[in-house]
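You will see two complexes here that share chain A, one where it goes with chain B and one where it goes with chain C.
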Partner chain A sequence: MKIEILGPCLSVSEIQELTAVNSARFRDEVNAALTGSTMLIEVNLSKTRFMDSSGLGALFALYRATAQRDGVTLRLLSPMPEIQQLLELTQMQQLFEIVRR
Partner chain B sequence: MKALLICPSERPAVPHLAASGPLATIPIFGDCLACHWIEHLAAIGARKIRVIASHGADQVLSGVGDGARWGVQIEVVAANVEPTRKEASDCYRPAGDADWLPAPNDVVCMSHLPGCPELPLFESYASWFAALVAWMPRALTPARIRVTEFRPGIWVGSRARVSPIAKLIAPCWIGDQASVGAGAVVGPCAILEDRAVVEGKASVAQSWVGPDTFVGPMTSVSNSLAWGSTLVDWRTDSSLHVPDPFLLSSLSKSPYAATTDRFGRTLAKPEISGSQSGLVTALRARMGRESNP
Partner chain C sequence: MAAPSIEPARPATLRLAFSPDLESAREVSVAIRHFLAEQGVAERELFSYELCIAEASSNAVEYAEGPLKCIKPIAEALCTPTQIELRVTDHTAGFALRERLSAPSPLTDRGRGLFLIQSVMDEVRYLRGTNENILVMRKKRLSSAAPKEALSRSPSEAPSLEKCQLQLAEANTKMEIMADELQLRSETLASVFRCCAELGSIDNASDGFEGRILIDLLHLTSADWYVLRMLSPDGRRLVVSAASESDLDSGPVELWANGNVSACIEKLVAVGQKAARFDMRECFDPAEPLRAVGPEGTGHVCPLSFGGTLVGTIAVGRRSGDFPLGRLQDEVIRAFAEFLAIQTLNLRRQREDVRSRVITRELEIAQDIQHLLLPRTLPQLSGFGLAGGWQSAREVGGDFYDAIALGDQSLLLMIADVMGKGVPAALFATTMRGLLRGLASHGSDPSKLLSELNRLLYNELSSVSMFITAQIVRVDLKARELTAASAGHCPPLFVLPGRRSVSSMPIRGLPLGVMPDTVYPRLTARMGSPAAVLLYTDGLTDTRNAAGETYGMHRLKAWLRVNANPGRTAMELRDRLATDLNQYRGDAVIDDDQAFLILTEERVGASPRAARPIRLRRGSFLFPACACELKVGQ
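On to the complex of A and B.
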């Protein structure tokens, strides 16, 4: 997993999978990287091949953390079709702004 | 009159449909594809039907039985490859035998549903779903007494359990012994096969849910085929194995412990092994001696 801070944008990428194994680390590391100047969080899911309910829980925790900060936007970038299906099955696609690049 | 039924062999466009058995035995509206065809052919006068199965002949035989339920005689023939209609006719239909159904029902390849040749089943998942939705009004034949048309365009199995606060939107089909929980929304264009369970506040729209499939609470199955833990988006052919059983999973038992097939029929009991058989024989002999001193 790679976390970059590009000005007001926090970019999280190169996530191979988001499961019970690494969801706590994902949550902790992204929360640690959040600063007062962060206005945009982009989670790039283009390389994420597998996600389970723990991974969905980590994304939801990030959504809640973002909702508590005024003016901060959370985006999911280019999820693979399988991950898009999982988001639709759990109706979580309604929570997130999903962008394809 | 006689007829030939050709079972479709593997179809690369729809691999998930053949995951649990030959395509001829895939469950459609509570019965297998071959059974729908046999019922149709019996209704138009067939009395002897030869089923040519190039894949899983034993499973096809188990699915269709001996034909007594339709009043026909069925013979299942194993073939190495799926024959064309002409090949099947040349091979299995004697030239001088006139006692056959008129064409095109004399030799039928089950690549579509009865009466819908314009809607192929196995060209893609989208074509499969479109064919099922189009055929839904025809699925309730006079021989099928376990499903009734509850409201126009809404068919519900007689042993299905539907919550009074579930919302059913036509057209939809809720199979026998299926269950729809409180606040769930089923339809439009939703098909729940037998014993499917849709939990409370879940929604199923533009989708087919296979038999013995559990759809978890508050989940949303749309534009998909859901069977066991496999979810296939019929628009994109994308498939997903859902890792968490509380979202989507199979309710059927392990095949090693199964006592019923996927239509709920009792499977044959395993034969008694040699040592047990000997024990039973000895006990019977002893009982015979004791009853006849």
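On to the complex of A and C.
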């Protein structure tokens, strides 16, 4: 997993999978990278091959954390079809801005 | 070459026990994905299966508590051309799975895992055992591609190479089958040993015992249901003792009912004590209890019996007919059935043993009570001897006697028979003995004593519909006179004066507890010389020999006439009478209590004996006679 801060944008990428094994670490590391000037969080899911309910839980935790900050946008980038289907099945696509690049 | 056995199509199976941590749970879901890919499962389906195993395996790790945390969960995949079945065995307290979970709110953080499983699979069941549960997830296959190995074979390869590959594949298949069989057998043994260990470590061995072993059985045979029926105590019906799911818990099956009761599968197996397979697609009986497993259900029913003793039946199978249980699975079920039968019989024997030990101890206590009912010492008399004998059909009898020395060179002899046996009879005997000793300090008239005893005991005896027959004889040693009164008891026998003949004192009276305010007539007689008096209960005259003939009054009188000789002590007479009775009875079972009291005139100077009772055999005491000075007030 790679975390980059480019000005007001926090970019999370290179996520192979988001599961019960690494969801807590994902949550902690992203939270730690958030600063007062973060206005956009982009989670790049283009390389995420697998996600389970714990991974969904980690994304939900990030949603809650950003919802408490005014004007911060949370964006999921290019999820694979299976992950997209997972988000739709759990109606979580409503919570995120999903962008395909 | 051995002929190939006919086996139903078996699913390709992968079973993985994994360390109870999240990393291992994740590795298992990846391994199962690879396995399913090798079986030709379409790429687009693999994500769902990987997800389900990941969710179920994570739950199995996260919800295990205490010592159960150390037990490895198991993940399985069973693959047929038409269906994928995934199983995860957890060791948790389990949960109640609802038919279909609704979509959780996106704003909550719970309930997504099971919802996802139910969303992507066609059928989800949760089989609950005792701290061991199986989540079974099934889905029909969208495509039935051949396994990759078959697809990868090139048609351009040389025939000889192809032949070699085929042989190698066959050998590998055989090896896999043998390995599977070995694994199954070793796991069966492990399960059996685990159950044995559990049986040895829990207080109430039956708690959860069947549930645990039967979940193991489902696990080992890839079955998805079981119904355990146990034989009712009267041996007439099979009652459901445990079932994998509540819809299989049907009513009892009557084994020996006449009329138009249908011959259901479990009944036939139980009566014939022979295992049977069944397929619901071939069963048209609407009353068949196993119809509850579904119209396509298949299975195997085994009798639970050992050494010809039927304990119950076990039915195990699958709800769908996609891959019925095979020969190996049948063998495992039979092994489990035999193990269950042995354990059930062992448990029963253990319980019976404990019950028997408790009863024995209770009876020992009761015998101690009986011992206390009889006087530990009898009054010591000058020139006369007194001895008593008692033998009980059971540990606590209702027969007892007592002898009380009075202050005027006389004594009271009492013998009684409380109706019934056991502790209630012993309690009345104790009470009566205490009352008599209290009353005797105020008067010694047998008639009045019986009236007073009846007055004091009537309410208690009549309230429990019991009565007591009793005989009280006052013996005036100086005047050589007997005064007797009887409450429905056998007449005392005595040697008449002046001639060597024996008479009974013909006195009558109602037993104690029959009527209030009963008056008891008294009768007086003179003792012969040498004097001999015998008080006894009807257990003596009713003693039966092997031919069923009773000892009788005539024989008892004759015995007294022959044996009451000068110079023979009371103890000798007592021993002779006990011997005569036992010889007469022979091998016949003693069916009533026996008690007797003998007073005899011994020659002057007969040596006194120790007054300690001698225990001759279980439930039998003989009390020694004494030949000493009568001690006033003793």
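Just so it is clear, the second predicted complex is superposed on the first by the 101 of 101 C-alpha atoms of A that agree within 3 Å, B and C clash if a C-alpha of one lies under 4 Å from a C-alpha of the other, contacts with A are read in each partner's own complex, and residues count from 1 in each chain.
Everything below uses one rule, namely that a residue touches a chain if its C-beta (ideal position, glycine included) is under 8 Å from a C-beta of that chain, and two chains touch if they have at least 3 such contacts.
Predicted model, so just to flag it, every value in this text is computed and none were measured.
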| item | value |
| --- | --- |
| Clash or fit, chain B versus chain C on superposed chain A | clash |
| Which superposed partner A:Val21 touches (first chain B, second chain C, both, neither) | second |
| Chain B versus chain C as contact partner of A:Glu88, first or second or both or neither | first |
| Partner chain in contact with A:Phe60 - chain B first, chain C second, else both or neither | second |
| Partner chain in contact with A:Asp52 - chain B first, chain C second, else both or neither | both |
| Which partner, chain B or chain C, touches more chain A residues | C |
| Shared chain A contacts, counted only where both chain B and chain C touch the same residue | 19, 50, 52-53, 82, 86, 89-91 |
| Residue ranges of chain A touching chain B (in the complex, touch as defined) | 19, 50, 52-53, 81-82, 84-86, 88-91 |
| Residues of chain C touching chain A in the complex | 22-23, 25-26, 47, 50-51, 54-55, 58, 62, 103-107, 109, 112-113, 115-116, 119 |
| Parts of chain B lying in touch with chain A, wherever the complex brings them together | 218-222, 224, 231, 233, 236, 238-240, 242-244, 246-248 |
| Complex interface listing, chain A residues touching chain C | 19-21, 50, 52-54, 56-57, 60-61, 82, 86, 89-92, 94-95 |
